[in-house]
Structure formats: C-alpha cells, structure tokens
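Before we start, here is the structure in question, set down as structure tokens.
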Amino acid sequence: MENDAYIPESAVVGKFVVIEEGVQLGENVSIGHHAVILKGTKIGDNVHIGSHCVIGIKPGGNKNMRKFKHSKQHLVIGDNVRIGSHASIYSSSSIDKDVFIADQASIRENVTIGAGTIVGRGAIVEVNTKIGRNCTIQTLGYVTAETHIEDNVFIGPCVSMSNDKYMGTQNEKLKGPYICNGSKIGNNASLLPGVTVGKKSVVGAGAVVTHDVPEKSTVAGVPARKMKEKENTDDTVS
Amino acid sequence: MENDAYIPESAVVGKFVVIEEGVQLGENVSIGHHAVILKGTKIGDNVHIGSHCVIGIKPGGNKNMRKFKHSKQHLVIGDNVRIGSHASIYSSSSIDKDVFIADQASIRENVTIGAGTIVGRGAIVEVNTKIGRNCTIQTLGYVTAETHIEDNVFIGPCVSMSNDKYMGTQNEKLKGPYICNGSKIGNNASLLPGVTVGKKSVVGAGAVVTHDVPEKSTVAGVPARKMKEKENTDDTVS
Amino acid sequence: MENDAYIPESAVVGKFVVIEEGVQLGENVSIGHHAVILKGTKIGDNVHIGSHCVIGIKPGGNKNMRKFKHSKQHLVIGDNVRIGSHASIYSSSSIDKDVFIADQASIRENVTIGAGTIVGRGAIVEVNTKIGRNCTIQTLGYVTAETHIEDNVFIGPCVSMSNDKYMGTQNEKLKGPYICNGSKIGNNASLLPGVTVGKKSVVGAGAVVTHDVPEKSTVAGVPARKMKEKENTDDTVS
C-alpha cells in the first residue's frame, strides 16, 4: 500500500498485495492475495481482482520486435468487472463494465473491451484490438493484434488468428481479422490475416479461413468452403 | 498462516505463503513461495505444491455466463500429488493420489481426476468433468466442461474440445466428448460436442472429429474419416 | 533476500521478491514484485524479470512420466534478456543475450535459446530442445521436447508439435521436429514427430505436416501437400 494511491475503506485487500502510486479504487473492490496493481490504474466500483494478477503493465520488447505506438493513458477498468487469478492486463487499455476476465487471461495495451464481454481462461488479446459488447472469447482463444470484433460474437475455445501475411517481416502492415456482429467461430478454427467474417456467419470447428466469409453463411474445412446442406448426416465416421 | 488451519511440523512452507482457515495438510507437504491455499482445502501426505499456485478457488462469473450447480464441498487433494508453479485449482474438485499437475495448469470446480493421471503444462480442465486413472492430458490440452474421459487415455498436446453445439446459447444442454478406455488423441485434434471416441481408437493429429469414432479404429483428416491402410507411405510431401 | 546471493547495488528489486542462495545478478537488473529466483541461477547485466516469475525451477514428475537426464547445471540468463510476468523457467537451461520471453511463457530444463530470439506470450518450450538465434516463437506456440530449431525461424501463433509417434508409450525414443534456417510455420499448424522442415520453406496456417518438407517449398492442407501456384485466387469463400 503506497503514498498517494486512493483506497476506500470499503476495499477488501488480500495479503502481500502491491498497490503502486496513483492507483484509484472505486467502492467495494476486492483484491486477492499477491495481486499487483501498477502505477496509475483506475478501477471502478464492485470490481474483483483475483490472486496473483498483474494489472497495468507497461509494454517492453527486444530489438527484433515491432514497436507499437503506446499512449501514456493508464488502464481503466469499469464497474462490476471480475478478473480471475494469474491474469495480466497492460496499461492504456480500457475494460468496460460487467466484463469477466478468467484466470490466466492476458490483455495487451491499447485494447478496448465492451460491456458484458467474457474473456476466457488463458485467452490472449493482443495489442491495438477492439472487442465489442456481449462477446465471448472462449478458453485459450487467441485474438491477434490489430483485430476488430464487433458485438455478440462467439469465439470458440482454442481459436487462432494471425495478422502477418509475410510471417515475421518488420515493414509490412499487420492486419488481423474483422469479425462482424453475431458471428460464431468454432473451436480450434484458424483465421488468416485480414479476413472478414460477415455478420451472423458460422465458421466450423477446425476450419482454416483463408478468404472472406459472406454474411449469414456457414463455412468449414481446410481451406474453409461454404457447407452444402445435409452434409455428414450419419452419426458415425465412415 | 492462520487461525485454525492444520499445518503439521513436517510441512515445509515457502515465503509469503497464504494458508486460509480450515485448510488441512497431511504429513511431509511442501509448499512453494507465494502459494495460496484457500479456505477448507484438504491436502494429503507427501504433496508438493509449486510456487505461485492458487488452490481451492471459489467460482464466479458475469451475467452472460452459464451458472453451474456448485457443491459446498472443499477441494480434496490425495497423497503424493505433485503440482507445478502458477497452477490454479477450484474448490469442490477431487484429485486422487499420485496425480501430476504441471505448471500453469488450471482445473475447475466439480472435477474428479483419477490416480496416476498427468495434467500437462498449461492444460485446462473445465467444470463438471471426470477424468479416469493413468491418463495423460498433454501440454496445452483443453478438456471442455461436461466431458468424460475413461482410464488410460492419451490426449495429445494442444487438443481442443467443445461442448456447445449452438455456440453461446444459454439454454441448450452442454455435452462434451466421451473418450473411452485406452484411446489416443493426436496433437491439435478438435473434438466436437458430444462425440464418443470408442475404446483403443486413435485420432490423428489435426483431425476434426465430427462424428462418433468406433472402437479400435483410426481416424484422421478434416472432417475425420477412417484411415485406409498404407496411406501416405512416402517420406516427403508431394 | 538471502545469505550468499550476489545482488549488486544497481539492482532494482520489487516487493515480496524471493532470491534464494547462490543466485548471482549482473549489473542493472530489475526484478518485478513477487518474483522468485531459485537456487544458483546466474543472471547477466541489464536483465529485466517481470512480476510473479519463477526462475530456476528443478524438474519433478510422477511415476507415469518419462525421466529425462538432468544436468546439475544452473539456469544461465544472458545480458539484456527481458522476461515478462508469470513466466517460468527451469534450471540447467541457457538463455542467450537479447532474448525476449513474454508473459506466461514456460521454458523447461536443458533448453538453449540463441541470441535475439523471441518466445511469445504463453508459448511453451519443452525439455532437451535447441532454438537458434533471431527466431520468433509466436504467442501460444508449442515447441515439444527433443526439438531442434535453427536460426531465423518463424513459428506462428498456436503452432503445435509432437514427438511421440506412439502417443504415450514409455520406451520409444521421442523425436520432435527439425526446423531449418529461415522457415516459417503458419498459425495453428501441426507438426508430427520427427518431421524435417527444409530451409526457407513455408507451412500454411492450419496445415498438418506428416512428412518432411523439402527446402524452399510451400505446403498447406491436411495432410500438408505442396501448393500449386495460383490456388485460391478469388477473395471470397465459394
């Protein structure tokens, strides 16, 4: 507990917690044991932060990594947000009210997450990404940098995305997927750089999406193609 | 170290450890630095708990998440269990003797894990799941909620499972895979909701299992089909 | 802070940090809150270690797990290495200068990582593996045990590898992939035990590599085959 951090009397703070300077807590915040709240983080009312979280991390890197513009803004966490154990969240991101962030989830800098969205266990959201309201990013889902996810989207478990057509070059512009309102992406599907998934579309489990998916369509396979109706109607592999 | 927790003299406890009330430790337990053992957890003899674990977590959620029935039972960990660093385990689950839980593994509430089973590094086991004896869940394997895994099953690295046919609805019943005795699932395979993998069957790496797999068969591909014998016998991609 | 650890005055050490005996820090090392540096670890100059890391872990296991030979060597971390939060690194490994290890990454024992390489967020590198210089292992990439990765290799996000042809036997020799200089592996691809990816080759996203890939070739699909030129030129799934 430090100098000028603002910690109301209503806060319930675990053991060995570190709260750095300039942190502001709302009313009725609970913080698990060993959690670390770094400089300047702003936390709303009724927020729960699990044990061993690290919140408000400043980005770093090595000489081989891309440099992203990083605003000086602090991390802002809205009311009623609940964060599990071992989660890590970077500075200059904004988490809206009623968001649930599960254990071991990791959210990078310059990310916005809309109200009511769920970020699953071990899911990772990379830098410069926008996620809308009432989405679900399931367990171990991977949302790459420079991705845009609209509202009411379901990203299944272990979904993978990429944003780097040339894999590892330094100069090409990164472009993640754009996933429109109400789409559903099946578990372990792969989305390639810059693909758009149209609104209310469904991507099958394990599909590899190499091209844009039109709205209200269902695709599956490697590479993903539109499903014919009545495919695979028997119940046993033949 | 708290009030009425039972900590025998044989315990070796690291620095900055938190042991909450009602915790009971067996003989010769070792606990790494910064570990957190939450209320009421029962730990057997010769158990090792790694640094930074959080053990006995009570479930939470937001308004968009399904509510699961949660018994008031405490987490029970059997003799000779070894748990790595940064693991998280929920209350009301039961881990039998000789289980190994690797670093960063996460096990939810109302899960039972049979004797001798290995839960790999970063592997995740969701709620209401039963895993038998002498199974291996490899690194980053994902076992979804409402899954049943019998004995001697091998789940390869990065295997993904799902349980929600309609992806994100609130009312449909969730049903994870049922994986029978002695089956082996190759790395990064995807299992769809409710599929059964028959006993002693093999699922190839990267396969997408959309239908039940008969016992003693081998399937591969997207969607997974029975392998013809002598497929792909040359040694180089053509 | 303990007995005979060597901690220069230039070190910046967070709160609740544990530094065990025999640890040696170079100049200008910074260590985040709650980090744990275990016995005998040697750390170079200008190294940053994030909050909640556990560094220098000794391996364990249960009776169903393979035993690997484990040297008594301590973990050595070179100059200018930067390690994120919640990372875990084992003893007897060697991390060369300028390596970046992101949050939640996990590196096992008897691993060498060459100068300038990036190990992404949540990426896992298993035992007895050698990774060259200036490689990128992207987020959630999984490098199995007994793998050899040469220099300048790009492993995309969520790539999965395996090393155990018979899945779970105790006696067969494990053999991971061998990935040659300058190769690029697309996101969520699966590499099977013992495959070689030739130099400057490209493996498509979601591919399942069951056979060796010749140098300077591009493969994709399940199972992976050489790409014909001009495949999939339209921009929408059909």
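Note that the chains take the letters A, B and C in the order they are written out, and that residue 1 is the start of every chain.
Keep in mind that, in the parts below, contacts are C-beta pairs under 8 Å (C-beta built on N, C-alpha and C of every residue); 3 or more make two chains touch, one makes a residue touch a chain.
No experiment lies behind these values; they were computed from the predicted model shown.
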item: Shared interface numbering between subunit B and subunit A [over half = same, under half = different]; value: different
item: Subunit B onto subunit C, rotation angle from CA fit, given as a multiple of 5 degrees; value: 120
item: CA centroid of subunit A to CA centroid of subunit B, Å; value: 23
item: Two or more partner chains touched - positions in subunit B; value: 16, 34, 52, 86, 104, 122, 140, 158, 188, 206, 222
item: Contact footprint of subunit A on subunit C as seen in their complex; value: 14-16, 32-34, 48, 50-52, 80, 82, 84-86, 98-100, 103-104, 116-118, 121-122, 134, 136, 139-140, 154, 156-158, 184, 186-188, 202, 204-207, 220-222, 232, 234-238
item: Complex contact set, residues of subunit C against subunit B; value: 16, 18, 34, 36, 52, 54, 57, 60-65, 86, 88, 104, 106, 122, 124, 126, 140, 142, 144, 158, 160-162, 167-168, 188, 190, 192, 206, 208-214, 217, 219, 222-226
